[in-house]
């Protein structure tokens, strides 16, 4: 068998194994009865529900907004584009604490915050704050991935669609988006995962208050603080399981829809 | 002008503006003299240097490893592939605290940790630990993006290269990699940014020890902890500036090398 | 850190201990460690972090000396049998104060002002962080809890958040530790209002040697370090950085 | 805008890197069939894409039915294009590709399926309709691309080498199909091709491009029988010979001496002239032995022989049956129908005609 | 392994979705030039890619110079391939694409540049060498792909419609180039084409594919003059007629009655037979009026006329000069060289020959 192929597959399994081992050791810390009883607490159920709800909402929002942004960055030229791109990438480099602070300054007692509050939209210390924090945590990743996906698509496809009578917008939805499928998959997975795991920014912007703005990462932190390790690790485990299931479903789904290139390269198997 | 185009560009500018405003407001928290004096402290300089050094090292490592892994996942079929993919994606969903604990369990007083220590490689509470923590924080992103990039490349290119006399490995370096350029750019930017901003996992695995395993996000955290907000935010600002410059350089570089599709679509301008 | 390696014959030459220390104690702790290393030849790996994170590390992989930001965590650790109970020593006092934004927009002068209508109060989550527990206790002691709790906009899991919210004007008042607030006050980010001793509840910051120290064979060094930082000699350094050393004698 | 030109390209200039389209002018009448020929890299595809609206010209205008469409978005131009490299949507099946444009025009599902069924039967691609286009063979892709463009019955059909990947039989069928469809719907067609059979069987008019410019534009007869004295003659394979008008015969036909041979022409002229003769119009027979066979080469179904007329070189196309007795170095005679001998230029000064 | 077959494809079967290559057998001698023809979608490209090593056959073996290469990686097969859709590396300039394979073989930079310069001058692509291949025209891309494959002088050259995007002139030049190169280096070539001119001017042998199988394989003469009685004759455009042997003439030539006409053949036979006649071998003249002109159609340079021989239909190819006086419904006579009339089948039972 070809050595390089073997090496690549070996590496994949190595990292999978390492991660698997480390996740497994997390599972071994509490004893099972502790996990079960933790799962049944009102707090855990609340936090689980809120986590899933906010992450889903944020993921949908992120994808909705990052698609037009990624598309604009790839297809249109405007002045200062590379600065715009860099600024949009930047939050990836922020420790979550900094991002949280920045969002707090933006949406807190600022002009924008007061403006929104006049419409009854409160962001700081609220559930909306959770979504906002998750949104800005994940947006840069999605934009970057979607941008680079559109870069790889020949604009002639869009042109053919338009010459067949479809307008700019219809063409976008019927041609550009489906062609960007791979990148959309990748960015959705990254976004959802990032939203589920977002902690620091949520903590600062939404406060992280018990049974109110409490999502799983905060439950985890709160319970470590309480000294309630069983609860803490259970919320960690729950987080892992939920994310794993979501990602697995998505990966399966991607597998079905993925490119047809592979079917033709029987020599490689 | 086409409405959809205008809308997409508007959104890009809106988010850029929001992020820009929030970053700007961060800059306004400390006063200039505070920034200057903070910048001159030995601690800040140490932390800056260490941040850059470890992030670069981790970025290089992440890219080196994620390329073969992403390639294997895209080009080869093996049993349990979608589980392997899901596990590799999973750490993106971990709050950094969980990732840090998981790594601590893996490399700490465990079999692997002791095994490595017998070779004199200490990971916990060392600079190597920083790199390891950054590595595992960023790896999943890079793997995911690179995987989805390889999915989009017609394997016939690789075949042509091989029929022209190049072996599997040479073909990979001369054809597959350059064709994956867009994705490599994206994942390098994400990786570098993520490594610069990695905090929780680094704190747990490498310990936030003063002037030893202290990188910028830790400087920020430690200084907030004893109330030195000026120093804290200065380190945040430094982090932002460094990352911005790095990303900007990279974006410019990508611009030069990006696809030629755009040159032909003059109708769009 | 330990520049004079040439000198041998020190008591603990070649030994290393791991200290888990609250991030708020970083400045004096750095100095203490340097001194300890020079004196004994031991190497101290210090690991700063939030009390909760330190507690997490302590329960998963351990460390030799445990110095969280508040007594509560030491008590939790003792309950789980992670530390040697007879080694617990208080190092400094931990004094709650009222913190308000620069210029004190709501003109807070004392604890009872926290109950005034329209004052946005943030406090630590009484279950999650030590300052929360103390703040609640203080307010209850002064029969203000019912009224103040109406003004509380958020209860935070970490003490850092409290400082951030006051410094960025998201809230009008909070109760935090004095040692944490002094620096920010010095830089004009916040203002501090002391709470009279009789209204206040003063806490301590403890240190303790863990069960891991015994397992690792670092017990002697850990014990030496544990005594050193609570010693008379150390108390000068604590004072220098604005802490009030606990009167051990 | 005159009624004569339905589609008019006026002074179009475009720059793409080092390549320039220079001052292109074209007029196409409604229902006309224009083929564009020219060497590879001469800018044919770019011109077509410009008409379709993919490139925006630096200078110049494009009019359709009198309306300035230079800045109109492609979806408003009522044109459909078949790309040289097909550009099938890779995320759709063959059927979905073909249905794509139709769905926009018609709502009725049955109607759509009916029309697709019709065109696919003619194009013989019914059996691959359910397939992912990425797995189709070259010729199948080309036919799907053709179906996609034809089925919406556009006002203007732009074809970029639409038959290049097809075998002779299929090509033949498709030519007939396109011819029929075009007649039926009065479609105006611009068709780029390298295959002169396309020109002969389909075109009303021909434009010859080279190096980003149009060298000649005219009817098929004009281009092949009276090519302009430059690259065009060579490109379309017409003989261009120097001759001298030596008088008229009893029927008023011009007598022209070429080398040692005399040919007759319906055209008028005097003095030194350049004449053009299509190789397939030359009859070779054993006669006065005025020309020498220099070369004989089988070219598929036909045979090309090169003759030396005594100074001038003439290519002639024969079917193999004529050839059985002919050998290189044989001396033969030629005869050409006077209608096929055209005087294309008077040589006042003795200029060379090689481009 | 016999010396006769340098490249041997033995019982190759492959399945791709609904399409199957069925039990393919091919033998190619060293230095031979094999063209593969067949309708689109017949599996030509898949066969070529299988030989090159892109697909792994489900069954069967491929031998090169006696060695089993079925499982050999492509880089060890000493073959180079020109893809139907070029597959130029998009991240390289034209020069880098061409140099790619060469760099692996030769180290000297000067030598590489020299060789590339040589081939590019012949292919006339010197001026585009520095360009990004994504901006090249179809024909330019095709020539670059050809250069990339030719320049490394492979043992076996696999060409998938290598001239389809080129104009007549360029195509002509490239045929000569390939011919020369192949002769010079003794390269073995397998060439897929839809253009019979490629077959006539290049091929030693021809294979005709349909529906995933090879219908006939033989020399060019065999395929065109003695097509197997099925799809092949139709595909290569040969007339297949029913006739009856009625005796011999004084020269020993077989006399065959077809409809109302009698033709002579060099082949032996008796009773009812099927004969094949190439359209271009039929001479039409005004004579005994045994056949009727049914249809006249200009096909590029030539004209195809369909004749009714009294029951049997015969197509004939003429050059236009022959045609000036011919009209539909005219009654004419035909003559065919006996060498061009081939008996391809004796009809014991009166079977129909239409596939």
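All chains are identified by letter, namely A, B, C, D and E, in their written order; residue positions are counted from 1 within each chain.
Keep this in mind: a contact is a pair of C-beta atoms (placed from the backbone, for glycine too) under 8 Å apart; a residue touches a chain by one contact, two chains touch by 3 or more.
Since the structure is predicted, the reported quantities are computational estimates derived from the model, not experimental observations.
K.L.:
In this assembly, which chains make contact with chain A and also with chain C?
P.N.:
Where chain A and chain C share a partner, that partner set is B.
K.L.:
Which chain is most remote from chain E in terms of Cα centres?
P.N.:
Here the answer is chain C, farthest from chain E.
K.L.:
To lay chain A over its twin chain B by CA atoms, how big a turn is needed, in degrees to the nearest 5?
P.N.:
Best-fit rotation on C-alpha atoms: 180 degrees.
K.L.:
Quick one: name the chains whose C-beta contact count is the highest of any pair.
P.N.:
A-B
K.L.:
Can you check how far apart chain B and chain C are, centre to centre, with Cα atoms defining each centre and the answer in Å?
P.N.:
Here the centre of chain C sits 33 Å away from the centre of chain B.
K.L.:
Could you state the distance in Å from the CA-based centre of chain B to that of chain E?
P.N.:
Distance between chain centres: 56 Å.
K.L.:
Residues of chain A that touch two or more other chains: which are they?
P.N.:
In chain A, 2, 29, 101, 105, 154, 159, 168, 221, 224, 259, 261, 263-265, 269 touch at least two other chains.
K.L.:
By residue number and range, which residues of chain E touch two or more other chains?
P.N.:
As it turns out, chain E has residues touching two or more other chains at 16-17, 53-54, 73-74, 135.
K.L.:
On chain C, where are the residues touching two or more other chains?
P.N.:
Residues 53, 56, 60, 164, 168.
K.L.:
Show which residues of chain A lie in contact with chain D when the two form their complex.
P.N.:
Interface residues on the chain A side: 154, 156-157, 159-168, 170-171, 174-175, 178-179, 181, 259-261, 263-264.
K.L.:
Write out the stretch or stretches of chain A touching chain B in their complex.
P.N.:
Per the stated touch rule, the residues are 2-5, 7-9, 11-13, 15-16, 18-23, 25-26, 29, 65, 68-69, 71-73, 75-78, 82-98, 101-103, 105-106, 110, 112, 136, 139-141, 143-145, 147-149, 151-155, 159, 168-169, 172, 182-183, 185-186, 189-190, 192-194, 196-200, 216-217, 220-221, 224, 236, 239-240, 243-244, 247-248, 251-252, 255, 258-259, 261-262, 264-265, 268-269.
K.L.:
Can you list the residues on chain B that touch chain C in the complex?
P.N.:
29-30, 34, 97, 101, 104-105, 108-109, 124-125, 203-204, 207-212, 221-222, 224-230
K.L.:
Considering the complex alone, what residue numbers of chain E touch chain B?
P.N.:
52-54, 73-75, 77, 79-81, 83, 87, 89-92, 100-101, 104-105, 132, 134-135, 148, 152
K.L.:
Can you tell me which positions in chain C touch chain A when the two form their complex?
P.N.:
51-53, 55-56, 59-60, 72-73, 76-77, 79-80, 125, 127-129, 153-158, 161, 164-165, 168-170
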